[in-house]
Amino acid sequence: MDDQRYIRGMERFREVDGKGGEKAVKDLEGLVPEIRRYIVEYPFGDIYSRPGLDLRTRELAAIASLVSMGGCEPQLRVHVHAALNVGAKRGEIIEVILQMTVYAGFPKALNALYTVKDLFEKRDLKSKD
Amino acid sequence: MDDQRYIRGMERFREVDGKGGEKAVKDLEGLVPEIRRYIVEYPFGDIYSRPGLDLRTRELAAIASLVSMGGCEPQLRVHVHAALNVGAKRGEIIEVILQMTVYAGFPKALNALYTVKDLFEKRDLKSKD
Amino acid sequence: MDDQRYIRGMERFREVDGKGGEKAVKDLEGLVPEIRRYIVEYPFGDIYSRPGLDLRTRELAAIASLVSMGGCEPQLRVHVHAALNVGAKRGEIIEVILQMTVYAGFPKALNALYTVKDLFEKRDLKSKD
Amino acid sequence: MDDQRYIRGMERFREVDGKGGEKAVKDLEGLVPEIRRYIVEYPFGDIYSRPGLDLRTRELAAIASLVSMGGCEPQLRVHVHAALNVGAKRGEIIEVILQMTVYAGFPKALNALYTVKDLFEKRDLKSKD
Amino acid sequence: MDDQRYIRGMERFREVDGKGGEKAVKDLEGLVPEIRRYIVEYPFGDIYSRPGLDLRTRELAAIASLVSMGGCEPQLRVHVHAALNVGAKRGEIIEVILQMTVYAGFPKALNALYTVKDLFEKRDLKSKD
Amino acid sequence: MDDQRYIRGMERFREVDGKGGEKAVKDLEGLVPEIRRYIVEYPFGDIYSRPGLDLRTRELAAIASLVSMGGCEPQLRVHVHAALNVGAKRGEIIEVILQMTVYAGFPKALNALYTVKDLFEKRDLKSKD
């Protein structure tokens, strides 16, 4: 195992995905024991550790991608939390999704706005961010 | 016609899409005479004129969306030029596309990297940006 | 604001989407206060107000699109109601979805047939259309 | 072989797809000898022979589907010719594609408008329809 | 009706899809009375009866397709049962889905792994396969 | 760098993708210097090196995925060569693509059959496989 990359990846993974990502990984380890390493090393240890783009922009791009593909609501939720974790504002997340009406069409974008609305309301019940 | 929105939209449209967008619109006006108004008013006059997100991030999100849907090479080219027009760096565009290996898979992301490589090379023949 | 277009768009919006569309818009206005204007003006005030295609065919085309993209069940429900509102028959809606087995494959089309079956049964509990 | 369905399907296939479809099938018969039967029997002998929807609406729905999936330009061309063959007007085809800006986003719809523009121009060089 | 093909198709359909497929068909017969014939004849009587590829590989390819399109969870469930019915091992199904992280991206593949994990756990409550 | 994984990945990469893959990587190294490592380590060093599925089935699943997403013709070509490299027969590749008429619809599958027909003819001009 490439220890350095894994350690760097885990740091990034914790910073970005937080508890939501941790739970997602844990749930799958019974099925694919190596899944933590796969998710941590390439996406986080390699890609998210590259210096050329800040994490906030990366997470907004991830949200644009998930909305445009459609059918990825659970991942969209994880990445909306992640975007907030790395400094994106709620308003920016809404802007990116709203902009997707232009690129991916109104249905996928409206679908995503409902998902995000629900998520924001639940987050507010606990505390304000 | 909503003059204010159209005027605001045309300004934004010229700032973002430049000559590439102008040519794209002109080519279609014979087929759909209202197409300029449709492209200018909602996407640019409404969405791109919203204050909550800077144009550089909007264009990087557009690129993430186009790569993730696939099959939109002509639009990807327009938006890579657009991203450069509004201040994104080449390296940031490459980062967003490379990140899409994680979200949309290697085939769509590699496809897009070839498109961008070709575009950068042609742009270099004229002048450096 | 372009009053004429908005007024024309609201008429078309009410005619096509009815209560389902109204509820969908209301649910999002807390998140994006301008969402009603965005949904009403371009899609309904511009596109659905164009004279070259009847609303029944437009709604059947919308259903074909939603089934082919997949993952848009809530929007499919809104547009099946909409298609019935503007004069499409149940049999025609079923034909369009069934035809999508050929274009978009059996999984997406069968998915949509289940959604529609469920919707028809609920509609029948209230009244016959 | 189910002769009746095949004969019925071939009639429908010739009526709808004409020379473009015939060429498409011939090109693949060396690779998959049964491809003619597969294309003729289920799509045309079964689905397109169902009485509940006219061929013009079926072809406009096919165009909506192809535009929404993206990346199907050769099939889009075949079906634009087919739509004209079964009585759709050019203006109606343009309306359906333009409407897809709302459902599938501007990039896929604009892509399709370019394809159709090119096709209409080539058709005009031969004769007017 | 093409009796031979239907009979051959029903055999294949029962062998592959088993009870899950039978239920899926029954649920739709009220809506589309011919749906059983459509699902049985072309997909099973024609395609799945072709000699050039074994059923196990066909079902693993079906799973790869469903994961890559996304938004087809109900069909994915049917085909995971089907893959097990025709001799694929659980480990092989997991490998195909995990491989889709490379081709279709992590979100769709992880989505599918959750679906499969849930299905395997329910299957284990009844008996071991 | 994780030497072992890279070495194992390069072996697998050469075995599967051969010259086509090598050229694809080389073309992108000017743009993303680390691209060879990214393509080799996770997809080949991790995933394709897992023992639970043979390379022939992996490549047939890759083809099913690429056909189903659509718009990935260059990658489809690389993977058809790859499938042949690891022991899949031409007939098996055709079967998988033909089967995608059922899952992903006729347009994407026919598109892919044309791509493969063209590739087989070019391969035959050099030598028979």
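We just call them A, B, C, D, E and F in the order they show up, numbering each chain from 1.
The rule is short, and it goes like this: contacts are C-beta pairs under 8 Å (C-beta built on N, C-alpha and C of every residue); 3 or more make two chains touch, one makes a residue touch a chain.
This one's a predicted model, so the numbers in the text were calculated from it and none came from an experiment.
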{"item": "If a chain touches chain A and chain E alike, it appears here", "value": "B, C, D, F"}
{"item": "Chain whose Cα centroid lies at the greatest distance from that of chain B", "value": "E"}
{"item": "Angle of rotation relating chain A to chain D [CA atoms, steps of 5 degrees]", "value": "180"}
{"item": "Same or different residue numbers at the chain D/chain F copy interface, by half rule", "value": "different"}
{"item": "A-C compared against D-E, more contacting pairs", "value": "A-C"}
{"item": "Inter-chain centre distance, chain C versus chain E - centres from mean C-alpha coordinates, in Å", "value": "30"}
{"item": "Cα-centroid distance, chain B relative to chain E, in whole angstrom", "value": "40"}
{"item": "Length of the line joining the C-alpha centres of chain E and chain F, rounded to whole Å", "value": "23"}
{"item": "Intercentroid distance (Cα basis), chain C paired with chain B, Å", "value": "29"}
{"item": "Sites on chain B at which at least two other chains make contact", "value": "38, 42-43, 66, 69-71, 94, 98, 100-107"}
{"item": "Chain C-touching residues of chain A, taken from the complex the two chains share", "value": "70-71, 94, 98, 101, 105-108, 110-111, 113-114, 116-117, 120"}
{"item": "Parts of chain D lying in touch with chain C, wherever the complex brings them together", "value": "42-43, 47-48, 50, 52-53, 57-58, 60-69, 91-92, 94-96, 98-104"}
{"item": "Interfacial residue positions of chain D with respect to chain F in the complex", "value": "24, 27-28, 30-32, 35, 38-39, 43, 66, 69-72, 74-75"}
{"item": "Of all residues in chain F, those that touch chain C in their complex", "value": "100-107"}
{"item": "In the complex, chain B residues that touch chain C", "value": "1-2, 5, 34, 38, 41-42, 46"}
